[in-house]
Amino acid sequence: DRITVFAAASLKTALDEIVAGFEAETGHDVALSFAGSSALARQIGLGAPADIFISANTDWMDTLAADGHIASGTRVELLSNRLVLIRHWADAPQAEAGPPDIAGLLGDGRLAMALVEAVPAGIYGKAALQSLGQWDKLADRVAQADNVRAALALVALGEAPYGIVYATDAAAEPDVTAVYTFPADSHPPITYPAALIAGRKTPAATAFLDHLQTDAARAVFRAQGFIVPD
Amino acid sequence: MSLSVDIRHALPGLALDVRFEAPAGITVLFGRSGAGKTTVVNAVAGLLRPDQGRISVNGRVLFDSGAGVNLPPHRRRLGYVFQEARLFPHMTVRRNLAYGQRFAPKGAGGEEMGRVVEMLGIGALLDRRPGALSGGERQRVAIGRALLAAPKLILADEPLASLDEARKAEILPYFERLRDEVAVPILYVSHAAAEVARLATSVVVLEDGRAARQGAAAEVLSDPAVTPLGVRSAGAMLEARVVRHHADGLSELQADGLTLWLPRVPQAEGTPLRVRVEAHDVMLALTRPEGISALNVLPATVREIRMGDGPGALVQLSAGPNRLLARVTRRSVEALELRPGLELFAVLKAVGVAKESVADL
Amino acid sequence: MSLSVDIRHALPGLALDVRFEAPAGITVLFGRSGAGKTTVVNAVAGLLRPDQGRISVNGRVLFDSGAGVNLPPHRRRLGYVFQEARLFPHMTVRRNLAYGQRFAPKGAGGEEMGRVVEMLGIGALLDRRPGALSGGERQRVAIGRALLAAPKLILADEPLASLDEARKAEILPYFERLRDEVAVPILYVSHAAAEVARLATSVVVLEDGRAARQGAAAEVLSDPAVTPLGVRSAGAMLEARVVRHHADGLSELQADGLTLWLPRVPQAEGTPLRVRVEAHDVMLALTRPEGISALNVLPATVREIRMGDGPGALVQLSAGPNRLLARVTRRSVEALELRPGLELFAVLKAVGVAKESVADL
Amino acid sequence: MDWLGPEEWQAVALSLKVAVWATLVSLPLGVVTAVALARWEFPGKQLLNGLVHLPLILPPVVTGYLLLLTFGTRGPLGALLEPLGIVFAFRWTGAALAAGIMAFPLMVRAIRLSVEAVDPKLEQAASTLGASRLWVFGTVTLPLILPGVIAGAILAFAKAMGEFGATITFVSNIPGQTQTLPSAIYAFLQVPGGEASALRLVAVSVVIAMGALLASEWLSRRVAKRVAGT
Amino acid sequence: MDWLGPEEWQAVALSLKVAVWATLVSLPLGVVTAVALARWEFPGKQLLNGLVHLPLILPPVVTGYLLLLTFGTRGPLGALLEPLGIVFAFRWTGAALAAGIMAFPLMVRAIRLSVEAVDPKLEQAASTLGASRLWVFGTVTLPLILPGVIAGAILAFAKAMGEFGATITFVSNIPGQTQTLPSAIYAFLQVPGGEASALRLVAVSVVIAMGALLASEWLSRRVAKRVAGT
């Protein structure tokens, strides 16, 4: 059968690999549509032919659930992630013991983040800085990119000396080094919820959602740097 | 077969108020630069909507501001030779020529392409585009394009202005044939005296947007008071018939009892035609001169003498039922004691009559 | 003061190979439509780069393919009246006229705007744009624009073709004045016999891209073998001097022993001038005719008789040191037994000489 | 060539299909609109003009969202057209619609400029020869504006090949169905290590668009030469 | 008006400033490029032509990224210009640069079409009257292409007002410095329930662009009337 999965774009590498295995195993045909969570959620709300939605944050999943677009009882918290402070690698990497004084480190440079009011990584980052008591000093210094990858690029290119991104992104980018991992309790939990779409609860879709929680799949996610809740 | 125009139109530079009836044949519009000739022609073509008035061709109303009629140009069945060629730059000469043919009703009996091409001498240009033509070549193609549209009304705005004399001489007979055989009414703008004299059935003189004078060509052009083309172009029309073509290249014509010798005319023996005799080509003699090269010595009677402002005088003669005009000096009027009623001889050289001045009737 | 042209250029429709020297004054280029006149003028203007050759004005080399010289048009100091006006559509008439003045060197002594405007009769149009002008008005503005650029060389491609006779008569003297007073060399394309006769200092006849004939105007135009404007325009030049203006509006002229009577000429008494006498205006008589209206009866001797292909013949006469041409029929040649050496009389009406045919020397 | 995976080839093929259809279908409409704006007088002309320019002014995401609202299965026009078998939502036709709409202002402007440059005197001449308005348009106006039509078409094609924001928002990013080249590039850019793949796709899209551009230049020159008359 | 917050007004003001500058600064360059492409023959002409069209073809993110690489503080041009006091990174000037570059192909195409429509015979006439090439251009060509220049400018302005992808990638989103209207709109659209706020900003940007459009139409008509000659 054909299954259409609407997934946050940051999951592409992992899902591509998992789907390959799933298809080989079951003979189902999985179509993966990657875009921003907001676009996907709106499309589902307006009748997109998605069977499964994997969001990069809980808000959009909550919204869809509230509007009755989610098949009840199918929602799982699939993955989570950590937030790290990165810096351009060319500067000698130095491990920080406690939370660094980011404003001090920046000098007259900028702190690259995703949009702090709109994009999950930005929202989480802002919350973390607030809980560290540094947000007020930094608010004017933040260069907000439209997504976390663009923020990463700013640091990778050295345009911004520091940035706040997901640990998954930082791990894969040779030109940056994570210098500090924000405590998990400094920001709302970073979770990637997945659920079946209302009226789309087919055996195949259910099978795929289940497959995502198998050990094989978890291994793939982990390899990409995601944290897989037990 | 006639064109009736009665329009009023206000332009920033001109208040047009023109009314004329053009009978069958060629009606020549003339007047000085800026008199409104092109504006009138555009109104007839439907390219300019006059403020007020009425235009009809052979009873078919093209425009009537009162009745709210305003046929679009493409329904007027025109052939318009514009003052500035206006060829389609993206088409070859051949396609330009053929453009109007497609829209002519079947069996409209338009001109034949080959014939028109030959007459205009544009055979070698057929596969070129207008951008690679000379000014005169463009104008000739524009003439061909209009003629080939099988029009019911031809508008020609100085169609021959940019052509050499030889070329003009080849094209003029074509317009005559249109006038005489095809019987399409033609509205023709021209400044050239010889052209006007040869072609015009009737003449409308425009001055500052108004029709200052109009009437049959013979009448308007023979009227010494008008001579709208300047005094040099005064002349009279004789209606004559070809009697015989002689071996030495001369044609013998008969005009109500007068014998005229002209360089060979193209018309067949027996054909009626008209000959324009320009006033300044006519010499007067009290006695029949002998031993002179002029072949035409016509007995005539002085009818009227009109002294000009300058040194000249126009003498109107009757030679049988025909009228002739002679332009002489006032000094000669006095020396010869010319007066109405005097019998004398009008002397005219055979070669004094230009080819363009002989036309089919 | 002279223009020297020697160019070869291949166009799809024409192989141009022209060489001529134009002395000071007005050089008229003529030839049939498509002969290459505009192409030659464009080459002189620098708008067309000939394949090969050399063009110079008063020794200043404008183009020399050998030496690799090719002055751009704006460095040639031209005034070019195009065959198709080419006014700037976005500028008022006034700005069009003034366009070239800006680029004239200070004190270049160009024409004065007011004078040119008046001569061309375009005073009322100064604030209009070209889109709202008639064809003739556009052409006049184009003439003005060229004249006002204080050019060192004037190129005029059929500048008067779309103008009425009266307007032409007002503009022609201007070109004469340029020729005579300002001494700007002028290359002038025209089909009109009267214009050519009046203006030309020298004449170049183009045929199929080649200069078939060239020389002084009097010479080329009097040559019965050429008659490039068609046989009707054959004629001869007489150089004469104004003796007296008479009260009856006639002027008495003296041409090497011959007395000529013409309608009042504008030149002052004593002024030398030239008169073009057209061949078809001259009648021949074996004995001096009496009691005729023609005022000019000149004793002459037949020099040469050239029989045409048609019914006509051109008779060259010598009247004192002057040459005259008479066009008569072959029949008259036989009837009068004309032969070289025969003494006879050439009869010419005073009014037979058109105003345009009298010009300053 | 095996340096592109099958899914990527699909994206290339789909992008081409989408761009070609978007260009061809909108071309006649673009010509009519351009002529209307350049030559006709009618009430609401400025409104039409504004409407045509709207996709240029709006952020693509907004255009995509508006399209989703209008042409989605639940949208007023979408619902109206569905019974006729015309479905845009989450189909390649929708991608073509989005691309066409985004490219429309560029196409119309180019054509309109050409229409304005046509000398009405030539059209008048044609009409005096008996050609109706439609014939005049077909035989005189259209050939003379051809360079502009070509320019408009190539602009539209290039824009359609590159269009991303509106497309992904409207029809999502489903491989083989709505995944165009830019969407695929986007997805690659969202994951660590995807840059190389993205770059390959960018190269493909540049090659295609440049090929089209060169072809159009050549065509345009030929047409212009014909019109210039030699 | 208090239905827009101060930060939103800032975004409006900044967008206007960015679009105006992008348009004005690129206009002369656009004219020169258009003339070069339309009239001159030089080696590399097709290369230039392709380069000009590139921003149209590339996904905006890629363009933004390339800008970052080139004009960023570490980029070759960025490093070159910095000593001269010309800095683009994270400045509104960078936003203007991005907008200008994205709008450039549209501008050049419009102007180029007008240049191609100018009758060279008029330019020849001017040169015979003594005008050098530059004068001919200024007094004949330029006035005649003015409608095209206006069309090109308005297209560029509209595009600059709507440009988002390249801008945010290049200069991020720093409120008051680089946050343009489209960035603000995008941010609102990323969060559930942000549609209403986004719509308000969309309305503002539509009003501005439409005003500019109407003004340009009016101007263009005046110019065209002058050229038509009555």
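In this document, chain identifiers A, B, C, D and E correspond to the written order of the chains, with residue numbering beginning at 1 in each.
We take it that contacts are C-beta pairs under 8 Å (C-beta built on N, C-alpha and C of every residue); 3 or more make two chains touch, one makes a residue touch a chain.
It should be emphasised that the depicted structure is a prediction, and the values quoted were computed from it without experimental measurement.
Least step count on the touch graph, chain C to chain E: 1. Rounded to whole angstrom, the centroid-to-centroid distance between chain A and chain B, based on C-alpha atoms, equals 91 Å. Separating the centre of chain C from that of chain D, both taken as means of CA atoms, is a distance of 60 Å.
Chain A and chain E, compared by their mean Cα positions, are separated by 35 Å. Computed centre separation for the pair chain D/chain E is 20 angstrom, with centres defined by C-alpha atoms. Annotation for chain C: residues touching 2 or more other chains are 12, 132. Counting partners per residue, chain A has no residue that reaches two or more other chains.
Shared contact sites, meaning residues of chain E that touch two or more other chains, fall at 61, 164-165, 186, 189, 230.
Here, these are the chain pairs in contact: A-D, A-E, B-C, B-D, C-E, D-E. Across the interface of their complex, chain D is touched by residues 46, 49-50, 53-54, 56-62, 105-106, 109-110, 112-114, 116-117, 147-148, 151, 155, 158-159, 161-162, 164-165, 182, 185-186, 189, 198, 202, 205-206, 209-210, 213-214, 217, 224 of chain E.
Residue ranges on chain D touching chain B, taken from their complex, read 121-122, 124-133, 135-136, 139-140, 143-144, 226-230. Across the complex, chain A meets chain D through its residues 4, 6, 9-13, 31-35, 39-40, 42-43, 46-49, 147, 149, 168-169, 171-173, 224. Listing the residues of chain C that touch chain B in their complex gives 11-13, 30-34, 37-39, 83-84, 124-125, 128, 132, 134-137, 139-140, 157-158, 161-167, 169, 191, 193, 229-230, 232-233, 248-250, 261, 263-264, 280-281, 283-287, 289-295, 310-312, 326-332, 336, 347, 349-352, 354-355. Contact residues of chain A toward chain E in the complex are 36, 38, 41, 59-60, 62-63, 110, 112, 115, 117-119, 140, 142-146, 150, 153-154, 157-159.
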